[in-house]
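This is the structure I want to talk about, given as structure tokens.
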Amino acid sequence: MTATLTHFDAQGQAHMVDVGAKPATHRVARAQGCIRMQPDTFALVAAGTAKKGDVLGVARLAGIMAAKKTGELIPLCHPIALTRVAVDFELLPEASAVRCVATAETVGPTGVEMEALTAVQVALLTIYDMCKAADRGMVIADVKLLEKHGGKSGSYVAEP
Amino acid sequence: MTATLTHFDAQGQAHMVDVGAKPATHRVARAQGCIRMQPDTFALVAAGTAKKGDVLGVARLAGIMAAKKTGELIPLCHPIALTRVAVDFELLPEASAVRCVATAETVGPTGVEMEALTAVQVALLTIYDMCKAADRGMVIADVKLLEKHGGKSGSYVAEP
Amino acid sequence: MTATLTHFDAQGQAHMVDVGAKPATHRVARAQGCIRMQPDTFALVAAGTAKKGDVLGVARLAGIMAAKKTGELIPLCHPIALTRVAVDFELLPEASAVRCVATAETVGPTGVEMEALTAVQVALLTIYDMCKAADRGMVIADVKLLEKHGGKSGSYVAEP
Amino acid sequence: MTATLTHFDAQGQAHMVDVGAKPATHRVARAQGCIRMQPDTFALVAAGTAKKGDVLGVARLAGIMAAKKTGELIPLCHPIALTRVAVDFELLPEASAVRCVATAETVGPTGVEMEALTAVQVALLTIYDMCKAADRGMVIADVKLLEKHGGKSGSYVAEP
Amino acid sequence: MTATLTHFDAQGQAHMVDVGAKPATHRVARAQGCIRMQPDTFALVAAGTAKKGDVLGVARLAGIMAAKKTGELIPLCHPIALTRVAVDFELLPEASAVRCVATAETVGPTGVEMEALTAVQVALLTIYDMCKAADRGMVIADVKLLEKHGGKSGSYVAEP
Amino acid sequence: MTATLTHFDAQGQAHMVDVGAKPATHRVARAQGCIRMQPDTFALVAAGTAKKGDVLGVARLAGIMAAKKTGELIPLCHPIALTRVAVDFELLPEASAVRCVATAETVGPTGVEMEALTAVQVALLTIYDMCKAADRGMVIADVKLLEKHGGKSGSYVAEP
């Protein structure tokens, strides 16, 4: 049954899977996540995008830099030479939330889903860090893969 | 208005806040998060805790090690000498989900909320990584601070 | 003669100096550096501070995060728990240059000169990186310690 | 106008540029920098190259190791598999200065200018660190790209 | 005579060797090492593999993650995109010892001997760390390369 | 029985032990290890200490820098602010071996045995790396703690 968990060998021991025989193909992954906050906190974040106190600018950089650290953070991830990382934010005033979408790309033998997800998680954590003096009750939710393309397993697109 | 966002100075520029005059006190923070998955995936994870293919054992270590990297990941976090980190998991069969609770402690001038949250996020990402070949639709949600104690701002306990 | 180079022992071998008996005192260091560029490049950088394309915002974060990595970069530096880091920029239109000033603080047994200097160097390198497609001839100069306070050797203030 | 700052997208937000479609070619970059010091300090450094207290040997290693960390330090740099790094020093007795020249090479889709410049900066900072107990007034200057070859933008050679 | 030490140039200075012209081939390296301990300590380790307190599971992950850090630890190593890492343990009850064997693979211009050896060393250090409260006299020994294949120098297999 | 393995909690799960209530005391640890090589290889290493090709100088720095990374490498180690690190080598011509002794010190709540051992292991690995083109059969052995002082468990001195 554990056969479908590829990060374990036949004895059930963790290992970094062999990707040496897989061809280098173009890989893209897009992931998202949201952070919900108090309306007052949301107003501070929204104000910063136009003026001083650019919370999202800091969070964007944190997400991009974290994508490059994915192989250090996730124990069985392969180190990957990313060819592109982008982190975008969408203000959701009605939900008093910020949505983060990260895209990661590479040309290589393994996918970049974890890189996109790591960028989202660290970008959202950074928003939490920067706003926590005002609002400790923020909640991060709906973190998931939106789509991925390339590689033997082909494309995956999340249901809306 | 940005005055409440302490990570910006009077000109609205990001900085690492001065904590040099704050006394070293005992700090604790506890954070949580969940990952929801297909029932078949959940069965694989649950089976691994008793036998081979210990997904949660790997995720626990990843979370503990990530807590030590918080200051590298979150741009304006102070480096902190953690005195304790623990990561626990709870299997939620009815929700087909795993709940992660992380605790971080230090004796120092700043809190450890970000360390606890980072441990949760990376532990959950590691579960995603190890199960993604079987289930790409897993969703991470309900990531939040449960409680924190110590420091000038005192205690915070999330509403249930 | 090498006695004055404290990073070598009596045999002339590199070591990390013993600071275990030095008391923890408040330490501050301030360092600076400049990057000169083409007037057109300078105009791009200056425009970004008010609008889109915030080169200095990115460079500021890079400098702050690099200060935390000083002990990893400089072989014989002690790891230091920084209590404050700030990176500021001054636009020098007549010189077509940007001046960077970084301040680092800690409460500990060793000084933070290297942390302030590392923040300056990486902030300036980041400006170089972000503008190099437009101008490869930029020059970094006048990188030096402005002042430092605290510790047995007391205060140092650079001559103007 | 920000169009020439490739590290920002059309909305002026920082991103890691897409290099996935660029062919892997041989890339070389050579950068330099100087550190000026008191004649007594210079004499200590010069003596160490022949005998004990090898300041430049330590600085050389620091520069080589820092080149490998460029992608961690410079926020929007791509991670690069360096194929060669060399750091050389030239003693300039008349100027009471040390000149550092670093060379970086790779076979890949992006240039290695930042790797060469980072090696120079960290090598010079290490000299500062090792000599600062004797001389806090050292100044780092004239840090610049000497030449780079390979890639779509072709060769660049600095004017003498 | 130093000509055979390829990590030094003609002047005897350390450098990172040029591998830019070497073709990318499949590389494998296998290394081993042992840790000897008190019989009581050995019993604790052996018990953990079947039940709670999984010392070897933690050490396996530490070894795998350390392999990815080889280029950061060994000054003149090239950064390598590992395609596989596995760490296995063998219980040697008669010797009251644990043997660790690590395998590293890549497709690239340089070998992975150091990655395999680093995985072994850190895995054994982790066993030491986890058991040291019970037994400070443990000894690590017989750390060596077992075999390596690929590249211009071809295969090496250690004598038994 | 696992009670004596302090890195596991009552449920047998790995955690970073709570040291928040332990007083900060002066801690010292000294560890050693050896690397045996062919007599020709030994001659190269011995020659380098006096002239060009300073293998031991590079290995010394690698060991010192690795001691600062111990908390990143060993999963359940606490991050420690080292106050001193020294790495020394002894040439053993009769055994055609090099002996490495590393000393680590701190003032804190936990010991520095792992820091001293990590310095030894990485210093010896670096010697292996630098000499492996000449001699792949080198063996690292006799890596152990020599002594440690400070903390509740007091002093430990290895039997000769």
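Should a chain be cited, it is by its letter among A, B, C, D, E and F, assigned in written order, with residues numbered from 1 in that chain.
The rule we apply is simple: contacts are C-beta pairs under 8 Å (C-beta built on N, C-alpha and C of every residue); 3 or more make two chains touch, one makes a residue touch a chain.
Given the structure is predicted, the values throughout are model-derived calculations rather than measurements.
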item: Subunit F reached from subunit C - shortest hop count over touching chains; value: 1
item: Which of C-D and A-D has more C-beta contact pairs; value: C-D
item: Farthest chain relative to subunit C (centres taken as mean CA coordinates); value: E
item: Most distant chain from subunit D by Cα centroid; value: B
item: Equivalent interface positions on subunit D and subunit E, same or different at half; value: different
item: Repeat of the B-C interface, chosen from C-D, A-C or C-F (over half of contact pairs identical by residue number); value: C-F
item: Inter-centroid spacing, subunit F versus subunit E (mean Cα positions, whole Å); value: 15
item: Centre distance in Å when subunit B and subunit D are each reduced to the mean of their C-alpha atoms; value: 37
item: Chain centre separation in whole Å, for subunit E relative to subunit B (CA means); value: 31
item: Touching two or more other chains - residue numbers and ranges from subunit B; value: 13-14, 54, 57-58, 61, 65, 69, 72, 75-76, 80-81
item: Those chain pairs that satisfy the touch definition; value: A-B, A-C, A-D, A-E, B-C, B-E, B-F, C-D, C-F, D-E, D-F, E-F
item: In the complex, subunit C residues that touch subunit B; value: 26, 57, 60-61, 64-65, 67-69, 81-88, 105-107
item: Parts of subunit D lying in touch with subunit C, wherever the complex brings them together; value: 1-2, 4-8, 11-14, 33, 43-44, 47-48, 51-55, 58, 61-62, 65-66, 69, 72-77, 113-114, 117-118, 121-122, 125-126, 128-134, 136-145, 148, 153, 156, 158-159
item: Subunit C residues within the subunit F interface of the complex; value: 9, 13-20, 71-72, 75-76, 78-81, 108-109
item: Subunit A residues within the subunit C interface of the complex; value: 54, 57-58, 61, 65
